[in-house]
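Naming follows writing order (A, B, C and D), and every chain is counted from residue 1.
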Amino acid sequence: MLHFVNDYSECAHEEILKKIAEINYEKINGYGSDHYCDSAKEKIRKACDCPAADVYFVTGGTQTNQLVIDTMLMPYEGVVAADTGHVSVHEAGAIEYTGHKVLTVPGKDGKMCAADLKKLLKIFYADGNHEHMVFPGMVYISHPTEYGTLYTRAELQALRTVCDNYKLPLYLDGARLSYGLTADGTDVTMKDIAELTDVFYIGGTKCGALFGEAIVFTKNNTPAHFITRVKQHGALLAKGWLLGVQFDVLFTDGLYERIGRNAIDTAEMLKKALTEKGYRFLLTSPTNQILIILENARMEELAEKVAFSFWETIDDTHTAIRFCTSWATKKEDVAALIEIL
Amino acid sequence: MLHFVNDYSECAHEEILKKIAEINYEKINGYGSDHYCDSAKEKIRKACDCPAADVYFVTGGTQTNQLVIDTMLMPYEGVVAADTGHVSVHEAGAIEYTGHKVLTVPGKDGKMCAADLKKLLKIFYADGNHEHMVFPGMVYISHPTEYGTLYTRAELQALRTVCDNYKLPLYLDGARLSYGLTADGTDVTMKDIAELTDVFYIGGTKCGALFGEAIVFTKNNTPAHFITRVKQHGALLAKGWLLGVQFDVLFTDGLYERIGRNAIDTAEMLKKALTEKGYRFLLTSPTNQILIILENARMEELAEKVAFSFWETIDDTHTAIRFCTSWATKKEDVAALIEIL
Amino acid sequence: MLHFVNDYSECAHEEILKKIAEINYEKINGYGSDHYCDSAKEKIRKACDCPAADVYFVTGGTQTNQLVIDTMLMPYEGVVAADTGHVSVHEAGAIEYTGHKVLTVPGKDGKMCAADLKKLLKIFYADGNHEHMVFPGMVYISHPTEYGTLYTRAELQALRTVCDNYKLPLYLDGARLSYGLTADGTDVTMKDIAELTDVFYIGGTKCGALFGEAIVFTKNNTPAHFITRVKQHGALLAKGWLLGVQFDVLFTDGLYERIGRNAIDTAEMLKKALTEKGYRFLLTSPTNQILIILENARMEELAEKVAFSFWETIDDTHTAIRFCTSWATKKEDVAALIEIL
Amino acid sequence: MLHFVNDYSECAHEEILKKIAEINYEKINGYGSDHYCDSAKEKIRKACDCPAADVYFVTGGTQTNQLVIDTMLMPYEGVVAADTGHVSVHEAGAIEYTGHKVLTVPGKDGKMCAADLKKLLKIFYADGNHEHMVFPGMVYISHPTEYGTLYTRAELQALRTVCDNYKLPLYLDGARLSYGLTADGTDVTMKDIAELTDVFYIGGTKCGALFGEAIVFTKNNTPAHFITRVKQHGALLAKGWLLGVQFDVLFTDGLYERIGRNAIDTAEMLKKALTEKGYRFLLTSPTNQILIILENARMEELAEKVAFSFWETIDDTHTAIRFCTSWATKKEDVAALIEIL
């Protein structure tokens, strides 16, 4: 059985496991106050070309979104997101659980467009009654998006301009950032992201780590007593160095890029074959998530040989499915999949 | 200056003030455990023809919505509402503040249609990933809606049927219930509401009381230790009898209907004149809120003589405004307004 | 049956009811943006001799405590209170409901002593692990306390000094402030309170109003978008002027003092008689709450003729009970009670 | 430098790391729906002799406490704990963050005694006003406690009886359970714990795992939609099998006991030497935490050669410190420490 279900279906890149085994008996300070975390933070600051960046490590993506949004918003504020955003639909209400509304704009292939954001903000401030409404307090985008699409530098800049005009922080969810940074044709670098956002996170879980995400506050804007708030959320890992050491490895010798490169190369190989074979795409994704539309009969046939994700119902006889490559995808498996297709 | 801004611009119906003055020196038990509350509850049970109804009084509408929704939902559940619903937009995130998401369906003139509700529920349960999503746990409607429109009995029945199929409680916000019950042509009675919903509230603040709303649990379904939860929300009035005595008066000798009747009669008088004069309505409302579209220049001219509410921007040169009548509106004032129009 | 149960057992002082009746048909702006609120605020600023004070009106005491504490604390902070404080025990967890811990020091006849506060703060900051603990973020005291006792000016000053040293706001719950200000022998004035605290509230519900409390922020320290947060808590009264007009009356012609005076005079009359008759006091209270210890048999006998409050069990054969006077207590009733005693 | 600071200062037992490396490229389903989790659950059910037990894995201890307490309590309920309990003081308000009060009884060497629990419950239910108070909804104990002490089977049984009488669930925090189960002289087994509690957790983080705790619901009492609530708390690990595989290893061939055994043996060796050398103990702990009182000068001298934890200030010249052994402590290091002592 071939497996293209997800990019978090294997443990971790070998270099990470090797490093953990190496330091197994070292006695290390808890809660992130250790030299592995320090080293990883320094490497991330360099990768961002942002010496002032303040970096924290936590365990998972929903946890990160909940923490960042809750700690950066005032209680009377909500976060603006695309209606397809992860925080809007797939986090079991983790944002609302902390008291904040998710205000939505229509997503376009997973992206928020600056004009839609501006419209929402204009309507809000034009409403004489807006003291009785949730204040837009932050903008959330994902890059790559939940659909695998990417912002251009110009699009990010346009969002940034709206955020500046309304004094809103811009937050970028980089759960799959590795695959975004290495996609063919992207003009967005980690440095751009550090410059254009107020806070973002570098995904580890879906990009070759056992688990873990690195939150980067880029503008001397870390919420007060952030460690206490992480603890209060139940998100402070006792053995914090496990997160630090993984990101230290990911940001050594370009591993984070190598991981992305493999996923993109294998995805491109698959996309090319799908195009040649005349498959119909749900949308064009430049990253490691490939969404195609199949007749249901064909889908069921395929499911006997390949594991993939159900994406959405198109109509009574068609379904969109997803193939996902990752840091761990092997070219021979892609070749085998192409054969079947 | 004529005044058609709102239905909560005056203190209270005279009979209410008179009664409070009468009992001023009576020594009464606090927190709603008094004979005035008991009497009002009994009268409401009769008006609903629902002997099992459990009735509680609180101070305001947003407070009521927050309390009912928070206490009836499980923490992993959200409330489904029209995107124009009061809980969706005009309560400053009071629902999210208690941890619950407001899930929306498109409002049609303020109403939720059963087909849209059914669609949202079907999509949710069809999604293999719905354990990672907010569960729809309750349905919220308002009657009259925020646009002054009313459900028919058949429409309520259709929503009820969907709720039954998905085992969801149906909650009706009756902030302006008096005006809904007495509107010309409505086929929905208080008894219907008690029968078709699991919980609803009878508005006092906008219907002639100083303040206060009566929450009615109709199906032996009062949340456990409800009084403690009211207290925990900061919503338990020490002099609870002030709420009881007002509802006791409102449900004596048909006062609640008389109050509605006056608002409807004056609204109909105004609507008739507006129609005759060729004014353009934003939508057709059978209750005490009248929404018309004016050229901006005309609107500004009018604003010099009449106080009304801004409703929404239609385009660069047109605006929708609202005239609102109430229990306190005088026919001579409507006549004067017609004169100006 | 004589009635000494509470100070919120009657509706309101006649002047208040009279005023509400007078303005009944006036058309007034909602949500507190009206001239009655403005006038009341100005009178309160004068009574406090604090021109910069920012004043808001809400409905009840627990609501006030929840609002003030929640909006003034950061999410990682708790409020320090005496273990007998209202927020510690009798608000059904309203403070915790908003996410904040109540940190306690041992109450001494209901009061917090500066040394105990200092000790708690020293221990907290000395603990190398305090990032894993709730930060003390505010100090809550009540004046009069729940036991009817009062702080001296020197005691308040001592608490203020500790608060200054630790940069903590001091919050005073004045649910029964009228009775505290007019107690014999007190050296604490409203001006002192405005000067020594960062925020306090002037109780209306227990001091002659139908309902309502006035929150006074004294140091240009109103939380951002306070009205929105009041709304989010479900605590924004539509007919806000009902609160304004009551405080306007209470602060006209010394009514708030007259109300206090009556309660104190009648309480002193009763205390004198109790002392002469050799009754045993639980503690010495200079205000309108009188706590005495009775043999249970005597208590039951008394209960046939007088309504009073159970306070606490002393031992198997003795119970502490409370007599409470108020703005509405009549001297002839006190005389009748003394007769029975 | 010798290191006796904590039991979570090293990565993980070698067998765990080995297993993770072995399965590195296996493609596994996310979110805990995998065969490693299934296998671990089955082994835990056997170890508890509780075939009906429902087991879930999460990442850390505070997260576990927050989840269990929040999901098992009604919103109007609080958890009863010793005032020294982890949830009372060292979780940054994680319990209050979810809206629940921690109600405290005085801890005795870290333990809650049944008589104190009963007293709190009796007072609560005897109070005529308890509808205005937080309801005790659950009892929290830790075993070993934060002081390293252990309950006897009889003490647990006594708490159970009180819980039964008041229909309260009993929750046991087993962050260091391995060291409790293997302590010399304990008469409490895992089976006893499963029988006497409603829910408990088996600590991994402090007992040889990289991270992770196993929550065991023992009485068919898992909260509804528990996975959704774990997600809502931001606590659902994408690669859930990482938790499963660790507990699978810990519960294979008695590893969990072997880990405990090493910590107890090394601790006993140290305690014996300390006793012989006449050191003063803060209290008698049968587990891996050893608390002794030193003169400050002696403590500083010692700190040059050994890393240990500050525990608490005893007086101006004395301090209590903690030595902690673990699964990773080597006998030669204990010998070296004894030499220094």
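We adopt the following convention: a residue touches a chain if its C-beta (ideal position, glycine included) is under 8 Å from a C-beta of that chain, and two chains touch if they have at least 3 such contacts.
Owing to the predicted nature of the structure, the values given are computational and were not obtained by experimental measurement.
Chains making contact with subunit C as well as with subunit D: A, B. Interface repeat of B-D: among A-C, C-D or A-D, the matching pair is A-C, sharing over half of the residue-numbered contact pairs. Centre-to-centre spacing of subunit A and subunit C amounts to 50 Å, using the average Cα coordinate of each chain.
Distance between chain centres (mean CA atoms), subunit B to subunit C: 34 Å. Centroids built from CA atoms put subunit B at 42 Å from subunit A.
Among the residues of subunit D, those in touch with two or more other chains are 75-76, 91-93, 97, 131-133, 228-229, 231-232, 236. If you check the complex, the residues on subunit D that touch subunit C are 75-76, 78, 89-93, 96-102, 126, 128-129, 131-134, 310, 313. On the side of subunit D, the complex with subunit B involves touching residues 70-71, 74-76, 131-133, 135, 224-225, 227-229, 231-232, 236.
Remark: subunit A residues 3, 5-6, 8-12, 14, 17, 20-21, 23-30, 59-67, 91-94, 97, 205-206, 210-211, 228-229, 231-239, 242, 307, 328 touch subunit D in the complex.
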